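Pasting the structures in now, so scroll down.
Paired with chain B in one complex and with chain C in the other, chain A is shared by the two complexes that follow.
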Partner chain A sequence: MIKFLLKGLIRDKSRSRLPVIVVATGVMLTVLMHAYIKGLMGDTIEMNARFSNGHVKVMTKAYAENMNQTPNDLALIGTAKMLSNLKNQFPEMEWAQRIQFGGLIDAPDENGETKAQGPALGIGLDLLTAGTKETFRLNLTNSLVRGKMPENKGEVLLSEGLSQKLSVNPGDKVTFIGSTMNGSMTVFNFSVAGTLSFGNEILDKGAIIVDIEDVRNALDMSDATGEILGFFQNGFYDDESAINTSEKFNSAYSGNPDEFAPVMKSLSQQGSMGQYVAMSEYWVNYIAFVFIIAMSLVLWNAGLLGGLRRYGEVGIRLAMGEEKGQVYRTMIFESVIIGLAGSLIGTFLGLFFAWLIQKYGIDISGLMKGSSIMMPSIIRARITPADYYLGFIPGLISTVLGTMLSGIGIYKRQTARLFKELEA
Partner chain B sequence: MEISPIIRIEKLVKKFPMGKSEFTALNGIELIITRGEFAGLVGPSGSGKTTLLNIVGSLDVPSSGEAFVLGRSIGNLTTKEAARLRKENLGFIFQSYNLLAVYTVYENVEFPLLLLNYSASDRKKMVMDSLEWVGLADKIKSKPPQLSGGECQRVAIARAMVKKPSIVLADEPTANLDAANSHNILKTMVTLNRELKTTFLFATHDDKVISYLRRKIFLLDGNVDREEIKPN
Partner chain C sequence: MKKHIISIISFTIISLTCLSQPGADEILKKVEKNMSSDNRVFESVMTIHGNRTSRTITSRTWSVGDKRSFTEYLSPAREQGTKMLKLENQLWIYSPSTDRTIQISGHMLRQSVMGSDLSYEDMMDDRKLTDVYTSVVSGEEVIDSRRSYILDLTAKVTDAAYHSRKMWIDSERFVPLREELFAKSGQLLKRTNLSDVKQIEGRWFPETVIYKDILKQGGGTEFKITSIKFNQKIPEYIFTKAALKQ
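Then we have the complex of A and B:
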């Protein structure tokens, strides 16, 4: 009997191929949409992580309290030891020391007189050590507009915007004016190696990227660093592991009253990023939910129509003496097969396209002009485990529910009425 | 030949809801059909032929009165029992054939036997026998859309006969057929009635069908108006 029904299902294209295509399309869109939104939200988090927050960040307790002022007078001392401790305790993570600093950049003319001046946001990071991951992490090489990457001490990168404002070119000298760790004024000369465009308003306006050893010299911070950032090796922020890692690290210092004791904070525990992480999770879930509901309605309807179309066949089978319950069950059974096949194909296709977008990305830089939050200019999808099963909610469950609902008519109607519809 | 009532109808009333009131389609039918009859419900459109046939076929239930088919009271059957009665004892032939379009001739005829759990070898023999009776043994692999109307109706007859039911109910079986095909299938049914002793009950207003009936039951406004029995 089941063989007989399957034969019919496969032969009747309007009952098998078409519904499978409809279900697969719906499922594919659901999976793709979810991965895309996840990627969009995640990319913004990753960008902030890479430039300033890390997935986790180690600072002194005092520094952490005033983090947005980047108080380098409260920096971590004994960086080398701290770094090797971190590498021992958390070998699965990548660690990078950073110094964020502010100051004035002064561009002198050929006589050494000030030609132009502007405030700058400085990031000190490891640019020169062989095999440093930082240039890759911040995508510096690809962001280069003019000039080249720094190769020697004293060479820096300026954002293209700042270089235009100061009318400096690669090869020119600039002077940094700021204050040292101890609060005294410092003046330091750099040579501009190249200019950068980040595709981000804040950075493009006035960033200066300096090798961390140069920053240490300039700010008098030997063996000190403002922050040590930790990154998960897969490159994706995971709030739960980040919080766990921080708790593990902090337990060694709990109860230590020293305000220079180190403390680790997850990205979500740093300022407004927590809100963003929570909001992005909320949005991903919300959008996925709305989308799943919409797709479910579509597929529910498709299941419903598919079932209604078959009242004629149902009538014949009832006349032959098949029981209503059995006819109903076989209809459900068919819809399970259709839903399963459609969901599998749709999930596969959705994952495939999501993977393409994860790999190659979609360039939205044109849309990002004037944006003040740090958002990436290339959106990449991000495939998460949920994408492997999410599509089955509309694909399987709604298809089957729709069929179930339409099949109720079999019970409600007088058998003779089914025939009236059949004769028509 | 023993004369036993295979269908017994007493004071049968069937009302359909029509808006707020009711419409009485059958109004106190009294009728007895005996085993092996070749009888027909005859009458103008709307006289209640199909309604009565549907009740005898357990596709519908009486509003009041009784319809006994093979000793079972149609009004008191559960849907399961009604399905079982149809499965084991009743064959249906409809005006519009009602074949399953995606299945072959063979599979359409085989379907009632699948419901009865016959073995594959029994099924094969019974399906082929049945298709021999209607002269379609050479078309087993065709599908209904490839057949003529006459051929489709012969497949429907083979499907109704394959399980050798006690009763075959045929509602306007010739309505979509030309004269030659109508005579052809009617002759087939007469032969089956004679050889297998199957009871046939028709609903029709087609003169060709009427001319083959041995017993004509004239319905008018939901009542048996009169009867004619063809002398042997």
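Then we have the complex of A and C:
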């Protein structure tokens, strides 16, 4: 019977082509929208991950307890070995050492006396190693306002706001005044390579970006680092995987009472990020649910109209003696075939376009000028396993339900009235 | 009659005891006489017992009264050549690696000196204790086999670094043996133990001081004077900013 129905559908384009196009379009939009919303909502999480939290973060236990204060006196020591171990144990992740620090930036006049001074929030990361991904992670090249990226030791990037406050330009010398890992005062000279605009008030006010080796020299942190951040290679945070990775790492140190023993925390286990991750997940599901319901109504309606449009054909078939149940079943089978075909094509197209947006992104940097919200300048979709089956809810179920509802009319029609209807 | 005699004897003993115990201000003046000098030149070893490691820093200091001092750090290599100049209520630090002279002011004064349990603010507070605090003798206690007076000091000025202090003063040598520094809330902030009291050039002087910042982790800071000379001829140029870069 299926073969018979398929033949009918293929030969009668009005019963197959348009319905399949309608279903495929609806499914494609559903899949694309879900992936896009997932990517959009996840971008804030990713931004926090890239700047400070990582997908997972390794610290000492003591550091983790006071993480908001970035206490570098409690930093990890012997990080070269630890980094090597992490790379071996978790090769599926990318690892990056970071040192967050605070202090004063002092701009000298021509006599070497203080001209201006301002508080600074520093991030030490790998800027100079060939092939480093840190520049990309923090989108530094695109955030450059003046000057160039650091190419040599002793070069620093200042936020545009801080450089203007201190009246310093690329090429000028500035002095960092802060505390070493041991709590001793440190004074360190840097040359300003360039200025940055992050689109975030706090960072734009007083951020400095320095190569991690320079930070180590300045803060007396030889072979030490505040944090080691781990990132999934696909660039997207997966809470379950991050928690599993953390548990696997921490199990090796569970019996170690040393407060300087390393501990790994997933992004959701760091401060208020857990709440944000949960809230984000909730909102993604909520928005996706509303969209799927809306799309289901559209396709249900299409199925309904498709059934009603064949009112005359059904009448002839009933007049010719075909059983009501037989007609009803064939209509449902046809809608299942249409729904399946449309859902498959729609899911494929939706995934394809979502993949394009995931890979290349949509550049919204033109809209971000003057923005005070920390948002990425390129919005990317994110394909998740749900995208492979989500489109079948409106595509298959709604189409079939619509046909089933319209087909109910078949049982209400009286054979005696059929000829009158046909004559009319 | 017998009762009267006992009362008179008791009164006399109590009176004599009270008379033999000097007043708090008198004790503090005697302490200042021991601890202060017109000028002094000393070398010291400061061992900072951190959470994970201990660091030792050596330095040479020239000071005139309590208002002017110049310190040059001799080791370790990272600190070598760093110089610190204090003039009245101003403090400058010279860093040889950057060739910059930085004035320490505002909240930076609360930072620790070389990561020790001592803050720059502690170094800057050069006023006489009798000018800043009202003091009373609250008792006596034996510290390291030495009978000591216990003095309770309460700030009488609003800009004192610590609201109150408790000092244990050697009753014979008039040298502090222990000190506790408190915030206005009563929270103990720092504890200092002084030992190795020696007679140097006619005065009693503690050569070792152990500072402990109660709010800071670690095992405290041991400050040991390895050589000290009082009333030396110190060239005036030492107490100038130009001397920092020399």
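What we mean here is this: the second predicted complex is superposed on the first by the 382 of 424 C-alpha atoms of A that agree within 3 Å, B and C clash if a C-alpha of one lies under 4 Å from a C-alpha of the other, contacts with A are read in each partner's own complex, and residues count from 1 in each chain.
One rule holds for everything that comes next: a contact is a pair of C-beta atoms (placed from the backbone, for glycine too) under 8 Å apart; a residue touches a chain by one contact, two chains touch by 3 or more.
Because the structure is a prediction, the values reported are computed rather than measured.
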| item | value |
| --- | --- |
| Contacts of A:77 with chain B and chain C, given as first, second, both or neither | second |
| A:106 touches, of chain B and chain C: first, second, both or neither? | second |
| Chain B versus chain C as contact partner of A:247, first or second or both or neither | neither |
| Which of chain B and chain C A:7 touches, first, second, both or neither | first |
| Touching partner for A:183 - first (chain B), second (chain C), both, neither | second |
| Touched partner set for A:363, first chain B, second chain C, both or neither | neither |
| Chain A contact footprint on chain B (complex, rising order) | 54, 57, 59-60, 79-80, 83-88, 90, 92, 94-96, 98-103, 107, 110-112, 114-115 |
| Chain C residues touching chain A - in the complex, by the definition given at the top | 48, 50-53, 55, 78-79, 93, 95, 97-104, 108, 111-116, 216-217 |
| Chain B-facing residues of chain A, complex | 1, 4, 7-8, 11-12, 312-313, 315-325, 414-416, 419, 422-423 |
| Residue ranges of chain A touching chain C (in the complex, touch as defined) | 73-74, 77, 104, 106, 108, 112-114, 175, 177, 179-180, 182-185, 187-189, 220, 260 |
